[in-house]
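Below you'll find the structure I mean.
All chains are identified by letter, namely A, B, C, D and E, in their written order; residue positions are counted from 1 within each chain.
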C-alpha cells in the first residue's frame, strides 16, 4: 500500500541546549522505546512497523484526549472570566479535576434510547463522529519529527475523512426519531456542506504555493525566513491573509462553534442532533466535537500559521511541537473569545454569508496566489506582489461587505422623544 | 487479491441494501456505505488520489445531498408500494437481468490473459496528472469548469429561492 | 379600551426630538467593538473587584444588611425563655399571615381560663414566605424577623415545623442581629412600662384614702402589672395600642 | 372597524403545504428559551412558522382568588411574585389601587421613595432584559452575566431598604413600610451616577453588532393600530411609534414634577424594542437623579393609616402604573370587609403576548425565540 | 479469476443493481441513488483497466484516472442539479413520487 510514504527521517538538531533537544524528541519517546524493545526481542519487521504505528496512534489519541479534558476546563474558565465569574473551581486545585468529575458523571448516567429511535444508527452515530476526528488528527505534523502518519495526500485525506462528520451528524439527528434532532441535522448538513466549499477553496492557494498536498511539506515551505528574520507563514501574504481569515471563519462553522452553532443552537432547538443522547454517548459527541475542533484548528495552523515553525528567527531552539500547541491554544482561545461575545446567526444569513461573502473571497485568493507566485521572491518582487494582490482582494471585499451591510446600517434608525 | 475478494462482496451487499431497503434514508445510507467502500477499492488499487476524491465527493457531497433532500421531502416508506407492485418488480427484473447477462458475457470475452491482468505498474503521479489535465485535456477541463460554475450559480440561486424572504 | 384614546393625545403632543445614532463606518465594526468589551471584562476580572463580584459562598459570606429578614422568631425577656415570653397568643399574626403558616394554641389553666401565653406556637418553614407581616402586626413586640438563612433540613415534616423550642430567642439575640430596632423597642417598652407604673402609682395615691385592705390589694395588683405589662391586654380581642408603642417597623 | 376585524380574524399563512408535511414542534414548557414554563405549539414548514399557538397556565397560582380571601395587606407580598423581576413596581401599583379605593393621602417623601424604587426597578428589568434577549439570540451568557452583576448591586440596595433582595413587600397603603436607612440615598446616588458608564459598555457590546442587527431588524413587526387594539402597552408599543406612557398620561404620583421624555421608535421590530429599552433606562436615570436630589424630609407613611387593620368602604377602583413591561393595573372591588370582594390584575406580560402569533408567522423558528424574548414576559405574571 | 475479471464483474453487477433501482423505485431521489450506482460501476471499469490493462507499457498513461476524475465531477454536478430539480418539483407538487407526476399524461 503506497498510501504511506516514508516516515520523516529523524534529523539531528544542532547547536541547541540539550534540554530543548530532549524535549523536541519527547513525543518520539514511546515510539523509540517500543522500537528498542522490539529490536532487543528480535521481532519481525512487519510487526515492528505495526507496533510503531499503533504507538504513534496511541500517542496522538492520548495527547488529544488530555487536551480535550484540559480544553473543556479552560473553555469553561475562560468563558467564566469573560463573563466575570470564577468558573469551575471546586474539584481539585483550581478545578483541575472537573473534567474527571464530569467524565464520571457522564459514565454513570443512564443511557436513554428513545422509543422511536433507530436503535442501531442511534448507537453508531456518536462513534462515527469520533472516528473522522481521530483520523484527521493522525495526519497533522505536530513537530518537525512528530508526524504520526506522513501522507503524500495529507490535505486531501483530511477533507475526505472530514466529509464523514456530516453524515454522522445527520445519522444522529435522524436516528433519534425526534423533532429537534431532525431540525438540528437539517441545519448541520446545509451548514457543513456549504462551509466545506470556502474551506477547500481557500486551502487551494496554499497547495498552489507549496506545490504539494503533503502537510509536512506545507509546513516546511513556511518554516523558511524572509530576509533571515520574518517567517514565511502564509498568513503574512495578502492572499494568505484573506484565505486564512476565510478559512478560519469556515473552521468555526465546521466545528459548529459560535456564531455558527446553529446545529446545536441551544436557545432554539435545545441541543440539535444531540438532544436525545445522554450519558456516555453524549460524552462521545462532546469528545468528537472537541477533537474535530482540534483537528480543524490544527489544519488552520498548518496551512496558514506555519505549523510547528517559530514566528521569528532565533527562536528555533524551542521544541517545534511546543510551537504547534502554543498556536493551537491561541486559536482556540480566539474561538472562545468570539463565543463569549457574538450571537448566533440565522440559517438564511448563514447561507448568504457563505455563498455571497466567503466563497467569492476564497475564489479570489486563487488568482491572487497565482499572481503572488508569478511575482516571485525578493524584496521588489514582494512589493510588486503586495501592490497587485492587495487591491485585487480589498476592492471586492469592500464591495461585498457594503452590499451585505447596506440594510443593516444602524444609522438608518431614528428614535423620537415625546415630552 | 484477498482484499479484493473481501471488499467486492461487501460493495455488492451495500449496493443491494441501497436498492432494496424500504426506508429511503436507509437506502441513502447504504449508498454512502457502498460508495465509500468503492473509495477503499480505489485506495487498494493504488489510485489514492481518486479514492480520496471519491470519498469526499460521494460521501461528503452526493450522499449528504441525497439525505438532505430526503429530510426536506420526507417521503413515506416504500414497503407497501414495493410489495403491492409486482408488475414493476417484474419489469425491473426483465430489463436488468438480460443487461447483466449481456455485460457478463461481454466481460468474459474481453478479459485479457492472466499474466497481463495480474501485472501491476500503474501509479498516479499527481504532477503528471495535473500537467496532462491542463495541456492535453484542457478543453475538457474548461468544459467541466463552465458546467460546475453553472451548477454552482444554479444551486446558489436555488438556495436564494428557498431562504430569501420578502422584507 | 381607553388607552387608545390616550394614545392619540400623547402622540399628538410630541415634538419630534431625534436621537442621533452612531454612524456606520466600517463593516464589522460593531463586531470588533463587542470583542473589545469582552476582552476588557476578561482582563479586568482578574484585578478589579468591581468586575468580579462573585462571593464564594461557604468560605466567604456577603455582609447581611441589618434590615435583612428571613424567618420569624419570638422574643423573650430575661433569662427564662418560658417565663419571659412576650407572646400572649393573641393570634393576630396567625390571622394576618398571608400563606397561613402560623399555628397557635392558647394555654389555658384547669378552669379553662386563659393563661395569656401560647401552649403551641408553630411556624411552618416550608410554607412561610418571609414577608415579615407577622412582625409588622404584632402589638406586643413579640415576633421579629430573623436574619438566619441557612435553614435547610433533611426532614420534610418535623424539621421544617418550628415550634416554641426553636422559635424563642432572647432579647440579646434581637439586639445582636438588629441593634437599632431592638434599642428602639427596648426604649419604647421601658417608656411604656414606666408610664404604666406611674399611672399605677397615681391610681394608688388616689386610692390611698380608701380602705386599708383595699389599698393593699390594689398595690399588689399594680406591682404585678408592672412586672408583666403584656398581661394587661386581653387575649381574644386585643386592644391595639397606639402607633408609637407598638412597632417601629423592621428597619429603624 | 377594519383593525378590529384584523384582531378577530385568525392570522393564517398560506404555504400550500399538506398538513402531514408540516412539522409540529412543541416549544416548551421545558425549553431553554421560553422564559419559564411557557409553551408554543408551532407548525413548521421547513423552518418557517406556519402557525403558532401559545399555551400557558403551567405556573398558575390562583393569585387573584387567594387575594380575595385574605386581608388587603396580605396580598402585598403576593404581588412581589407576579413579575418577580420587578417586585417594587408591582407593590407600587397595588398600593396605588388600594389608596384609590380608600382615598388615602400619601406623604411627599413616600412618593419620592416610591418613584426612586420604581425607576430603579425599571432599570433593573431592562438591564436583565438585555441579558436574556442576547441569550435568546445565542450569545453565550456574557451580556446576561453583566446584567446580573449590575442587578446584584441593585439587589444590595433593595435588601438594605426593604429587607429582601427580590421579594420586597415594601409599599404600604399610604406610603412605604419603613424609611430609607441612613446612607441609603448616597449609595443609590453612587449607583445611579455609575450606571451611565455601564450602559455605554453594554451598548457598545450590543447595539452595533452586525449579527444582532441582522437578527433583530425587521423581525416581529406588527402595525401600531393592531397593537393599540390588542391592548399592548409599554416598550413594545412605544417601539412601534406610539408615545404612550402611563407616567405621562396619568402622571400618577408626582411624575409630573420630573423632567423626562418618552422615547419611541418607528418600525416596531425587535431591534427597536431593544433600543427603546436602552433609551428608557437613560430617561429613568434622569428621573432618579432628580428624585435623589429633591427628596424631602417628612413622613414615609401616612400615620393615620394602619395597613394591618385595613378596611375599605364599599366601592371599586382601578389604578395603573407604567410598569417596566407595560401598563400594570389592579382592579379592586370592596364590599366593606377586611378582604377585597374582587381583585383583578391587568398584567402587561400577558396582554403583550396576545399578538405573538401575528408577529411570528412566516418567520424562522429562530426568530420565534427572538420575538418572544423581545416581548419580555415573566411567566409569574402571565399565569398568575 | 483474475483481479481484472473480478472488478469487471463487480462493475457489471453494480450497473445492473443501479438499473434495477432506476426501474423499480418510485421516489425520484431513490432513482438518483440508482444512477449514482451506475456511474460508479463505469468508474470502476476505468480504474480496473488503468490498473491492470496496460501491463508492459513503458509510461502508463493517465487516461483512466482522468476519466474518473471528470466522471466524479460530473456526477457531483448531476446530483446537485438533479436534486435541485426534484426539490423544485417537490415545491410545486408536494411529492417526489414519480407516479404522481402525471399532469402531462393527458
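We take it that a contact is a pair of C-beta atoms (placed from the backbone, for glycine too) under 8 Å apart; a residue touches a chain by one contact, two chains touch by 3 or more.
This one's a predicted model, so the numbers in the text were calculated from it and none came from an experiment.
Q: In how few steps can one go from chain B to chain E if every step must land on a touching chain?
A: 1
Q: Report which of A-B and A-D is connected by more C-beta pairs in contact.
A: If we tally the contacting C-beta pairs, A-D comes out ahead.
Q: Relative to chain A, which chain has the most distant C-alpha mean position?
A: C
Q: When the C-alpha atoms of chain A and chain E are each averaged to a single point, how far apart are the two points in Å?
A: 34
Q: From the C-alpha centre of chain A to that of chain C, how far is it in Å?
A: Chain A and chain C have C-alpha centres separated by 60 Å.
Q: Centre to centre, by mean C-alpha position, how many angstrom separate chain C and chain D?
A: 29
Q: Between chain D and chain E, what is the separation of their C-alpha centroids in Å?
A: Averaging C-alpha atoms per chain gives centres 62 Å apart.
Q: Two or more other chains in contact with one residue: find those residues in chain B.
A: 46, 49, 53, 61, 65, 68, 72, 123, 165, 167
Q: Provide the list of chain D residues touching at least two other chains, using ranges where the numbers run on.
A: Answer for chain D, listing residues that touch two or more other chains: 21, 142, 146, 149, 205, 207-213, 243, 245, 248, 261-264, 279.
Q: How about chain C: which of its residues touch chain A in the complex?
A: Its residues touching chain A are 10-11, 13-19, 21-24, 27-28, 30-31, 34-35, 37-39, 41-42, 45-46, 51-54, 56.
Q: Could you pull out which chain B residues touch chain E in their complex?
A: 1, 4-5, 8, 11-12, 15-16, 18-19, 24, 27-28, 31, 34-35, 38, 41-42, 45-47, 49-50, 53-54, 57-58, 61-62, 65-66, 68-70, 72-73, 75, 78, 81-82, 88-89, 91-93, 95-97, 99-100, 103-104, 107-108, 110-112, 114-125, 128-129, 132-133, 137, 140, 144, 147-148, 151, 154-155, 158
Q: If we count contacts the way the header does, which residues on chain D are in touch with chain A in the complex?
A: 23-25, 31-33, 44, 47, 134-142, 144-146, 149, 205, 207-215, 217, 243, 245, 248, 261-267, 271-272, 275-276, 279, 364-367, 369
Q: Would you tell me which residues of chain D are touching chain C in their complex?
A: On the chain D side, the touching residues are 70-71, 73-78, 142, 146, 149, 152-153, 156, 159-164, 167, 169, 177-179, 181, 201, 204-213, 228-229, 231, 233, 237, 241-245, 248-249, 261-264, 279, 303, 306-309, 327.
Q: Which bits of chain A are touching chain C when the two form their complex?
A: Listed in rising order, the residues of chain A that touch chain C are 78, 81-86, 337-338, 340-342, 398, 401-402, 404-405, 409-411, 413-419.
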